[in-house]
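You will see two complexes here that share chain A, one where it goes with chain B and one where it goes with chain C.
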Partner chain A sequence: MSSLYKLSTTIRKLHSSAARFTKNVEFTAVRYPYLKRGSYSFLSDRHLRFFQSILSPHQVLTDEFNDLSGYNVDWMCSVRGSSRLVLRPKTTEEVGAILQYCNAQNIAICPQGGNTGLVGGSVPVFDEVILSLGLMDAVISVDELSGIAIVQAGCVLEKLETVLHLNNLTLPLDLGAKGSCQIGGNVATNAGGIRLLRYGNLHGSVMGLTAVLANGQIMDCLSTNKKDNTGYDLKQLFIGSEGTLGVVTQVALHCPSKPTSVQVGFFGINSFDNVLETLRLSKQSLGEILSSCELIDQSSMECVTSQLKLKSPVNDFPFYILIETSGSNADHDAEKLNSLLETLLKNGTIMDGTLAADSTQATNLWALRERIAEALASEGYVYKYDVSVPIRQFYQLVDVMRAELGSLPIRCCGYGHLGDGNLHLNITSQEYNTVLLNKIEPFVYNWVSRQRGSVSAEHGVGLKKRDYIEYTKSPTSVYWMRRMKKLFDPNNILNPYKIFPGSLND
Partner chain B sequence: MSLRILVGVKRVIDYAVKIRVKPDKSGVITEGVKHSMNPFDEIAIEEAVRMKEKKIAKEIVAFSCGPAQCQETLRTALAMGADRGIHVEVAGPQYETLQPLHISKMLAKLAKDEQIDIIIVGKQAIDDDCNQTAQMTAALLDWPQATSASKIEAKDGSLQVVREIDGGLETIKVKLPTVVSADLRLNEPRYATLPNIMKAKKKPIKKLTPKDLGVDVSPRIQIVTVEEPPVRLAGAKVENVDMVVEKLKALGHA
Partner chain C sequence: MSSLYKLSTTIRKLHSSAARFTKNVEFTAVRYPYLKRGSYSFLSDRHLRFFQSILSPHQVLTDEFNDLSGYNVDWMCSVRGSSRLVLRPKTTEEVGAILQYCNAQNIAICPQGGNTGLVGGSVPVFDEVILSLGLMDAVISVDELSGIAIVQAGCVLEKLETVLHLNNLTLPLDLGAKGSCQIGGNVATNAGGIRLLRYGNLHGSVMGLTAVLANGQIMDCLSTNKKDNTGYDLKQLFIGSEGTLGVVTQVALHCPSKPTSVQVGFFGINSFDNVLETLRLSKQSLGEILSSCELIDQSSMECVTSQLKLKSPVNDFPFYILIETSGSNADHDAEKLNSLLETLLKNGTIMDGTLAADSTQATNLWALRERIAEALASEGYVYKYDVSVPIRQFYQLVDVMRAELGSLPIRCCGYGHLGDGNLHLNITSQEYNTVLLNKIEPFVYNWVSRQRGSVSAEHGVGLKKRDYIEYTKSPTSVYWMRRMKKLFDPNNILNPYKIFPGSLND
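Up next, the complex of A and B:
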């Protein structure tokens, strides 16, 4: 594709780990040869001229003048598309014009937020045009009294948090990727995170949103009402739709009051039974102030401390639990926490632990949990499984997989949102290895299915898990999902190849 | 060696909190704001505890001056390994005008009463950034001082201290008794473990008044006004290098 005039050269700042490895990632089309490109148009000069006529030069990035690998490769360096064009709209209307044109010209689109997704859903499979929301990053309004924040989809979550804090509010969700992920992407994937235990998920926190449909039509569901029972609640369709039903451009988020007292405790525990007992007692005695309850196993702790040079506050234990409380009265919260700790220690339920004495210690303790994914990525290729299982069986899958895989992987470990029953099972090897992959899948999905759990608790389905939806959802459900997709996006231009098993183009 | 160490710990607004000035400009908002131990004082306590673990010291006394909540700061020091605490209670307007000189006088009196061999304090507090207490205390006691310490070694009745100074590192030897102030790279403070946090609740904290130590805490200064720093002007984004040059020329910088 030749260009007819000079374009401004814009190089996007990349996540440092992605920047190091993007050049070595195998093309998705090569790694998954059974995937076939749909009969979409190939990008031509005519198409490019149209985009350049409705957008400013720095909003149109072609591969001729720009390094698009940051857009084409995911954070995990596990999938790689071959998109030649990135469009960066600044307004909902621009998104509408782009999609209207692409729908008419049969051009496939891959909507992209912070590109921190873990299931290969945020990057193209082939040469889909990337629609990056990154320039739509404004916080439009924040109202302390109602708690409603109206934000553009491209606003980085951490930036939103900073603005909320100035208004005595805080985010209803928090996750390790918050320095890079965008609220639009969070909504499109129904992101969970470490605070879901306390504030619930985005289906409850999102009061309204603006979405652009495949044909360019703008669906205004941006209400700020907490209660609105007028007809079908269509915004819920877009939450968790992973960019396949429409592009979210604005969100009205309900945000809780900023807690004045946050305590972080970290405990060493010598058996899984004691882990369950700690959870039970914590829920009971902390009650409404409990905001997070996370589990880390020995292997994950070993990985995060050695790879990232972090310090553990306690000696080696088979399990560690991180508890966070958030409340409005420090004395009240400290008293509850101290009383809980005395009981847990006295009964031998926990063997050792610490309480963060200041915010620096709190941040360091959280890093032991939030940076595990990063530490694992440094070991090589990560096979990542994010599953919902009955809490009593939370760790069983890790033991089962470890026995099943023997010495094939570098590591088989588990950590996650204990309070929500959401385990992150991770297996690492030096390089992508199909032998290892075939030992893991579909074994792991079968196991989860037998427990009536979810094969993807919060990470979504994207590309990598699309064939496994039916381990959790019934055929009837999937049938109606496909019907809805056809209704909203008859030409299948929005994030094709994602979510649904097989190919919709068949 | 079996030395007795006195460590000063100050309760300050937590390092991560965004400081806000009171609307009447009389000070910063402290009500309902998270406080914790001054990070340099954490380092001071950690060093004292390490000396006790190496059997150089036999007892660590933690001292804090301020409102009732200082007891929490002392409990943290006790949880890290201090043996007992001393709380000199000063509250309200008198606390607002408390100065390093007042603290130095208290430390000097306590050093004599408690037969202290080494006083360790953080080199400065993160709220006032004074960096005066260690120096003044040494002067009042006529003791040698080793400030901004980044390494301490005990050797037969004296300390060999590496200090961080503008030109690099300076190594000095000070005879005991002495005053030391802890700098950032002296050590990495430990997490207080739960069993120690529980034990700390039973360790004694003696309560005193400034009068008990013969120190007059009436104000020597008057706070005239407290204001926020001037708002930083927003930068401007441009689309390419040519425009950067244009802007620089327009602003008279090129």
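Up next, the complex of A and C:
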């Protein structure tokens, strides 16, 4: 059962329609006037002729208003670049030739996967050449016995999932954006999602990858070995580096066996203490079959039910938890989940609860969690924060923020991946409002920093959070990140203006 | 149930008795005459006075024959350094002060954890100062709800396991050496072991760490967040770098819930094709509760039963598989395992099989697998190879090697972590024999390289495998590893002579 079709479709629609709205989106260079273009070469006819000499015509897009608009704008229409060229390589070698030339010619590059990011990392800030991986979309091999799939970076996650299912395997990650996002982009941004609780993060699941460095050199780390301790694990550098250290072109992913039974429970809870107790007992009772533990607060539920006319299966409560199990024996899993439900009701940890009787019901329960983002967007402008906080402080931030903002916003709500300590704090207002924004930031970052949380749990840094990286990372860490960047990309041609505050060219 | 007590005790005994045999062990500088000491400072009284000024007397060991001998020799008595000084810091800050001074004074350092490695990585080659983490052995905190344990690097794995069990958690890794090995050393060498199949590798399980760089700078990456996407994941660099990029002093580890039921099955199998089919059906039927799938070949079984007087629970077969499940419901797990056994017997995939009725029987079954190394050692000299190979070629290497060696060795056998594609190829002879060695190497590395396997799956490179790293890693990768090393440790004071072939000082 795949529970995310609805959101996936939604994001796909939003994404494909982004082009239409492009003209109304403010240029990033205008919205962020303090950003200064680096001293890169301006694209010339000579450059263009070179790219046309090594690529086929359909791999070189230059029509600013038709071809390029969808690539210059993110799917939320929140950032807009002014690139005049999209290159669409089909092989690692073509990526190598492109980067070698750009490095020699001092041309800045913005690598782009499915362009589903939330932090402005995948679109150009100025006129960077866009390197789209979309034509590199082959599933190269899938081996059921070892669980290893080798796939080109541009393969859309949902397509890979379909192929894996045919081989009795499943993806170790699942995202709302899976209908559009690409595995290479997932790896480059260390995407999290709703299965991390069960299968861990991509640093553990990626067995190998190929990356092209800024100078065009091909770094072949495409190991399919589950164990390999020969020297430094260089592939790890590229996981989560957001295209600033190299361009990921191929990935070897370890994929778990496909569960034959997926079951969902939905609980209403009257206090956050009981939310934590529900998590504790769920981990204890469900053990190895627990695959998701998601929190929805009352305000998020109110939004998703009123805006999208969805129906909650339980009465009104301050909190709701969605529990998903994935296992290999439906009877065993049902017994475990039923027993958990009974215990929770009997000892008063939850006030109400229901289990999905079939996959339709399960999909409907998931929709209550997965369509919150869509519901919030329909209220106006959304200030979105994706943070990690210690589990006991998980909901404090929402309370504190509400007290701070008073009646300024329409709504201040929290939901997210409780089991991973990953809160999505969302605040809505009629329209983009700097008074409200200045009340939220840097307040939210300061608060998270004091708890030693992360100001970006799973969405990355990109452009939008680059000024806040030191709220999570120590100055020593950021100093060494800069040295790594300088080592791998001395001319700073790969995804400039992203991750690091200030200018790397200073 | 902990299945490894016996081996653990054995290794502990071997380790603590290493000192006694020290005088008979050939110096590494003699056995490997082509190694040349780097142009480091020789330890002077002035240096010693500095270390004595910042550390207590029991933290500075200088008695060559009593104190130092156990630190200068590995537990297999296969390598021997001639260090004259062991420093035993108690805090990260003390490690920082030591490294800052050594870097300024050009003093080479050999970081040492439990000294249980197999590749000569944790003892000095010449007179490097030994930095022992053994006094930094505190479990700082354990949180059952989030599963995060924060622990000092020198904590022995078994001690950490005991504390975790009290908190209903378990370790994501388990090693035969757990009675001696330290978590910092496990992280620094990216230790694998028998639970990797279930819980994945340390790149996924380590949430954060503190490392001290060669210049004494403290890199605080001690995040306890399960998700954190703020910039490059620098901690990954130190996982598996064998103490050459920095010294790990603290670790935040994600620990899974402690399984309440651990069950073991043992099968006799008549062909390698059926070995693979057993693996496939085990993954399918046991799904999420499968925690180990270990192979033992006939020759390994013969050795462990004859040398150690252990008894096999099944008749003689070319192959044996040990299956372990770990789960949260004993009845469910037993039903799954019984059903698997029935299927395998019925369709002829296995010829014989038994399930452990209690934890004593389970321990006895595990002993057949875990005590092979000990049994082999009692035959004389053991040539040990720890390689990763594609699962379908898993056993070919043993066959090919046997054909190549003919009657030269006493025994050529294979066993290991089938589920992870990790073979332990072992060859025994009466004593160390260069004719035999030259028949084995580089033959074994060439063969593994042709399969795109790894010449070191879980044991690292250290000193012994440094000349073979390029059999697994591309020249581009090794080039960039060298650049990383140069960036983080420009004077090459951290664990010199390890990992890289040739001299880094050239």
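As a convention for this text, the second predicted complex is superposed on the first by the 483 of 506 C-alpha atoms of A that agree within 3 Å, B and C clash if a C-alpha of one lies under 4 Å from a C-alpha of the other, contacts with A are read in each partner's own complex, and residues count from 1 in each chain.
Just so we're on the same page, a residue touches a chain if its C-beta (ideal position, glycine included) is under 8 Å from a C-beta of that chain, and two chains touch if they have at least 3 such contacts.
These numbers were taken from a predicted model, which means no experiment stands behind them.
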Which superposed partner A:Ser257 touches (first chain B, second chain C, both, neither)
second
Partner chain in contact with A:Pro57 - chain B first, chain C second, else both or neither:
first
Decide which partner touches more residues of chain A, taking chain B and chain C as the two options.
C
With the two structures laid over each other on chain A, which partner does A:Asp228 touch: chain B (first), chain C (second), both, or neither?
second
With the two complexes superposed on chain A, say which partner A:Asn347 touches: chain B (first), chain C (second), both, or neither.
neither
If we overlay the two complexes on their shared chain A, which of chain B and chain C does A:Asp358 touch? Say first, second, both or neither.
first
I'd like to check the shared interface: which positions of chain A are touched by both chain B and chain C across the two complexes?
260
In the complex, chain A residues that touch chain B:
8-9, 56-58, 165-166, 260-261, 266-267, 311, 313-314, 330, 341-342, 345, 350, 352-361, 363
Contact residues on chain C for chain A in the complex?
143-146, 168, 189-190, 192, 196, 200-201, 203-205, 217-221, 223-234, 236-237, 239-241, 245, 257, 259-260, 276, 279-280, 283-289, 326-329, 332, 335-336, 388, 390-392, 417, 420-422, 452-461, 465, 468-469, 472-474, 476-478, 480-481, 483-484, 487, 499-500
Under the stated contact criterion, what part of chain B meets chain A in this complex?
14-18, 32, 34, 36-37, 39, 42, 76, 79, 188, 191-195, 197-198, 239-240
